[in-house]
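First chain A sits with chain B, and in the next complex the same chain sits with chain C.
Coming up: the complex of A and B.
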């Protein structure tokens, strides 16, 4: 009996301490989420709250019948499939370079991390001036007597978008560096004694011991990439309601347009929930696969 | 044990403080009147309560001085200007937090506000008003009348603050000279085809780069919904069914109009999606001597008049009539008629009306008229329009010609907002040669009808 009350008291203390987060999570997290789920089953258009009609799975049906949302989802997956692995590789490569005890390390670290600090709107504006018809890149091409390229046109808009995203690949730099610093030096010494080449050392020591960091970056990067919308919109458009050029018409852009340009709140929320479920499934898949490729020094389960 | 209770309590208190802390700080931001807010409840109890009227508009449409003047003359009413942002407004309307006065365009979104039940009927206020008299109204005020079926009839839901026939063309003679082209006679309007041909001749290239554009538009020189509707008005073709339930953009006349713009993109007449010119808007090109012509309403003369560099040689600038379709009717409609409505959900309709009257007939209206920023909505303000320089007079006289043909309202559908966004989405692939124009217009029609249908269902 005594033990029980003590346990309850412990629970009480625990919840009292997490209550700031809990209250905020419930009021600003769970409630809006479920409210959004409810609205996705109605014909809500932003002003007809008193005449709301329940439309069942109609909005969800539209998501899959609408050629645009599936097209947009395809483009989003493509961009993610290119962007995420490349930025992981670049992030790791930069971190390894910076881990070689070179001079001016902190300077480089700042320089590579800078893009992640710059607000996204300024980043996009900057790249817009680089990529635009008579922009920096084409002026440069002109000097070298190379043909002009329509970077923001149909053929290259997605490439331009990915290049812009990769500019921010340094965001995983700090966490990668921390991971590299955590690799015990004696492992490298042992490898050296065994006569391992630097490449061999990378593949047998560095990479396995970095998998948990890569795993984290993979999950975070994929989610961020699937939820991207402002970069493609502003790269070719001027206002948030401008539809980007078709190859950059990503999934969340579609949802954003449906809600804010056409007040299709119900349909837009259905789009969001489909994306949410897709992200959830993808994350579960990655988590499941992680037991085959992620190495933890302490034998703990994910 | 006591300790534990104390820690729990401390945690709870900390939470409360955190939450209320967030609450008050964000509250202050909303009030915006700084220190006053905390005193208000006390003073409010004894004297008349302060009422704040929120006005959603574009920056600069009402100045801070004008706000101060109004507040001094109307103690008890404060004006809070809010920069209009479509996403924010949609969210505000959805959460029943709409501003009291909302910027609306008679030719674009007025009917949509009415069918959604978001606009207040101003007729009873108008009947009692000292400042606004119905017989002082110019015809475009009627764009703010809607009886649920026909625009221009029924109750009044708002007023344009100013307006222009929006398809007139301003020219820069220096750039005509550079291209060796004569400025056309302003007595008779060009046809759309002639205008595009002229634009081609005025577009000059140097080493494969555009040196000067022929024809700028407000945004991009590509398929622009208002100018397509203008073309259709000149052709006397309707795209929306009488019951507003369907749209048909597959009609041959629509195709004529859109293909004209597809050619304009091919010929680089102005900033477009293909050349991605970084100019912020078409006016930017014209003001920097990079576009020989710009299609813009009378209000644009205010830009030229106010520009330090252009002021010195105003004789090089002038206004040409709005173009018409081949064998089409003479029309010079307004594509905007920007003004205000009062939200139906306003808690202070009387005070909101006072602000409305002030913006429509008070100092802001007089300032707008004398600055030449558009044609006033009231006859009594017309004499204030600038007529000093030769430029002023030429533009003013041309305007009088245009006004004779300005009574044609452009077609719009209350259940279809942001038609431009849809148009862009389906026609842009055509500019890049990635889609066929017929297919694009079919898709456009299909999606327009879907949205019209959904919006109709939502209010039934």
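Coming up: the complex of A and C.
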């Protein structure tokens, strides 16, 4: 009897502790989410709330028939396919360099990590100046007698965007360093006794034992990259509501445009739901595949 | 030794050389921005300092309503950051140390909301708040703050899970309530997690310009939104961006986040290690 009340008491405590999160999550998370889902099946355009018409899957059909959204999706996948692996590789490389027991570690760590601490508005203001026509990069190119490049023009706008994104690749540094510290030293010793070269040690010890950290970085990085819209708009658009230059017209930029520039709420929300579901499926797929390539030292409680 | 490989002198030189080069690459954009924020107004960009003109900073602060926007930024952070941290800690503790039916499901929900594009819920919320007349007030941040953030709940859960059971049991035998155990034992032990959450949350909130852009009007914009939408232009030609004051503003705007990072660096390293690696 005593145990029973104790048990119920604990349930009560649990729910009391999570209630601030739970209440807000239901009212400002679940409810808007479903409301948005409902609106994505209507012709809502910002003013017609009183005479909303249910349009079935029309908005969703438009997502796949609209050449703009297909183009934007293609660009998004391209940017993600370049940005995410490079970011991962740079982040791991920086961490490995700093893990070589060098002097002044904390200074270099700060230097590499700093770009990811800077707010995106400042980052873009800095890089816009660097990339601009008479900007620093061209001044630099001039010194080296290289031809001037229109960095924010049609041809190079995506390169510029990716360069700016890679500048922040140190964001995974702290996690990577922690991961590297977690690799038992005796594994390296054993490899050394077997006469393994540094490169072999990297592939047989470091990389396999870092897979769980890389996995986390891969998931978080891909999600962030697929949902990117602020950076291209700020870097290569005139104002927040103007579309950025075509090559940087990414998927969520398209959704943002539909909603804020054209008030096509229904269609914009359908675009977002498609992305959300795609990301969800992708994440499940990556999670499922992870058992084949991610190494965990202890049994995981999932 | 793990790193016996770099004991040879030529290799050591190569490693330090590479690190120095990378430091220059990652640091140079900062240097360039500072240099150009001090150049004469309207001058072409230079790679090395061409002057030392504090006036650009004066312009950055006076050309737009900088103090008013700064005040709004501070209000939003003051409302949102402490609330989110506190609420996330509470929920994280519950997920790590308490048991109840539905716990696993809720935790799954939390981890999956981490991958939800924020904007998917923000737009319907905007429509909703419009009906409630909440738009153009700071109430939304109060409510969101109470709700915590999935990422921090996750972080706290990881951190609280690693604390030995004995501490809790000893306190329970002494007759402490769960809230007391949480407040006097667990929360103090989670200081690195708290700093990590608070610092990260501050950086997000300080830099977030899109949420205020949706929910507030010009006069209530924080600095982030003001810099992203208003900016610095020639008064009679909005197409000409004034680079030097813009650079100065970019520097001024990033100082708080950098300062907070320096202050909390040692906690961040511990906090992220605990939160991410034990995953």
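Couple of notes before you dig in:
Keep in mind that, in the parts below, the second predicted complex is superposed on the first by the 289 of 302 C-alpha atoms of A that agree within 3 Å, B and C clash if a C-alpha of one lies under 4 Å from a C-alpha of the other, contacts with A are read in each partner's own complex, and residues count from 1 in each chain.
Keep this in mind: contacts are C-beta pairs under 8 Å (C-beta built on N, C-alpha and C of every residue); 3 or more make two chains touch, one makes a residue touch a chain.
Just so you know, these numbers come straight off a predicted model, no measurement behind them.
Because the two structures share chain A, they can be overlaid on it, and in that overlay chain B clashes with chain C.
Of the two partner chains placed by superposition, only chain C is touched by A:94; chain B is not.
Of the two partner chains placed by the overlay, chain B and chain C both lie in contact with A:240. In the superposition on chain A, contact of A:20 is made with both chain B and chain C. Of the two partner chains placed by the overlay, neither chain B nor chain C lies in contact with A:145.
After overlaying the two complexes on the shared chain, residue contacts for A:131 are found with chain B alone; chain C is out of touch. Legend: residue contacts after superposition of the two complexes on their common chain; A:47 is shown touching chain B, with no touch to chain C.
In the superposition on chain A, A:153 contacts chain B only, with no contact to chain C. Counting the residues of chain A that each partner touches, chain B and chain C differ, and the larger count belongs to C.
Of the two partner chains placed by superposition, chain B and chain C are both touched by A:259. Clashing C-alpha atoms with chain C after superposition occur in a single stretch of chain B, namely 276-284 (options considered: 276-284, 348-356, 366-374 or 420-428).
The residues of chain A shared by its contacts with chain B and with chain C are 13, 17, 20, 23-24, 129, 132, 134-135, 240, 259, 265. Interface residues of chain A, counted against chain C in their complex, comprise 10-11, 13-15, 17-18, 20-25, 27-29, 31-33, 35-36, 39, 94, 97-102, 106, 108, 110-115, 117-122, 125-127, 129-130, 132, 134-136, 139-140, 143, 167, 170, 174-175, 177-179, 181-182, 185, 188, 192, 198, 212-213, 216, 219, 223, 227, 229-230, 234, 239-240, 252, 255-256, 259, 265, 268-269, 272-273, 275-276, 279-280, 283. Taken together, the chain B residues at the contact with chain A in this complex read 1, 4, 7-9, 11-12, 14-15, 18-19, 86-87, 90, 93-94, 96, 116-118, 208-210, 219, 273-278, 280-281, 417-418, 421, 424-425, 428-429, 432, 434, 451, 454-455, 457-460. Interface residues of chain C, counted against chain A in their complex, comprise 2-6, 15-16, 18-19, 22-23, 26-27, 29-30, 32-33, 36, 44-47, 87-88, 90-91, 93-95, 98-101, 103, 106, 109, 112-113, 115-117, 119-125, 127-128, 143-144, 146-148, 153, 178-179, 182, 203, 206-207, 209-210, 213, 224, 227-229, 243, 246-247, 249-251, 253-254, 257-258, 261-262, 265, 268-269, 272-273, 276-277, 279.
Contacts from chain A toward chain B in the complex involve residues 9, 12-13, 16-17, 19-20, 23-24, 43-49, 51, 53, 128-129, 131-135, 148, 150-154, 236, 238, 240-243, 245-246, 249, 257, 259-265, 267.
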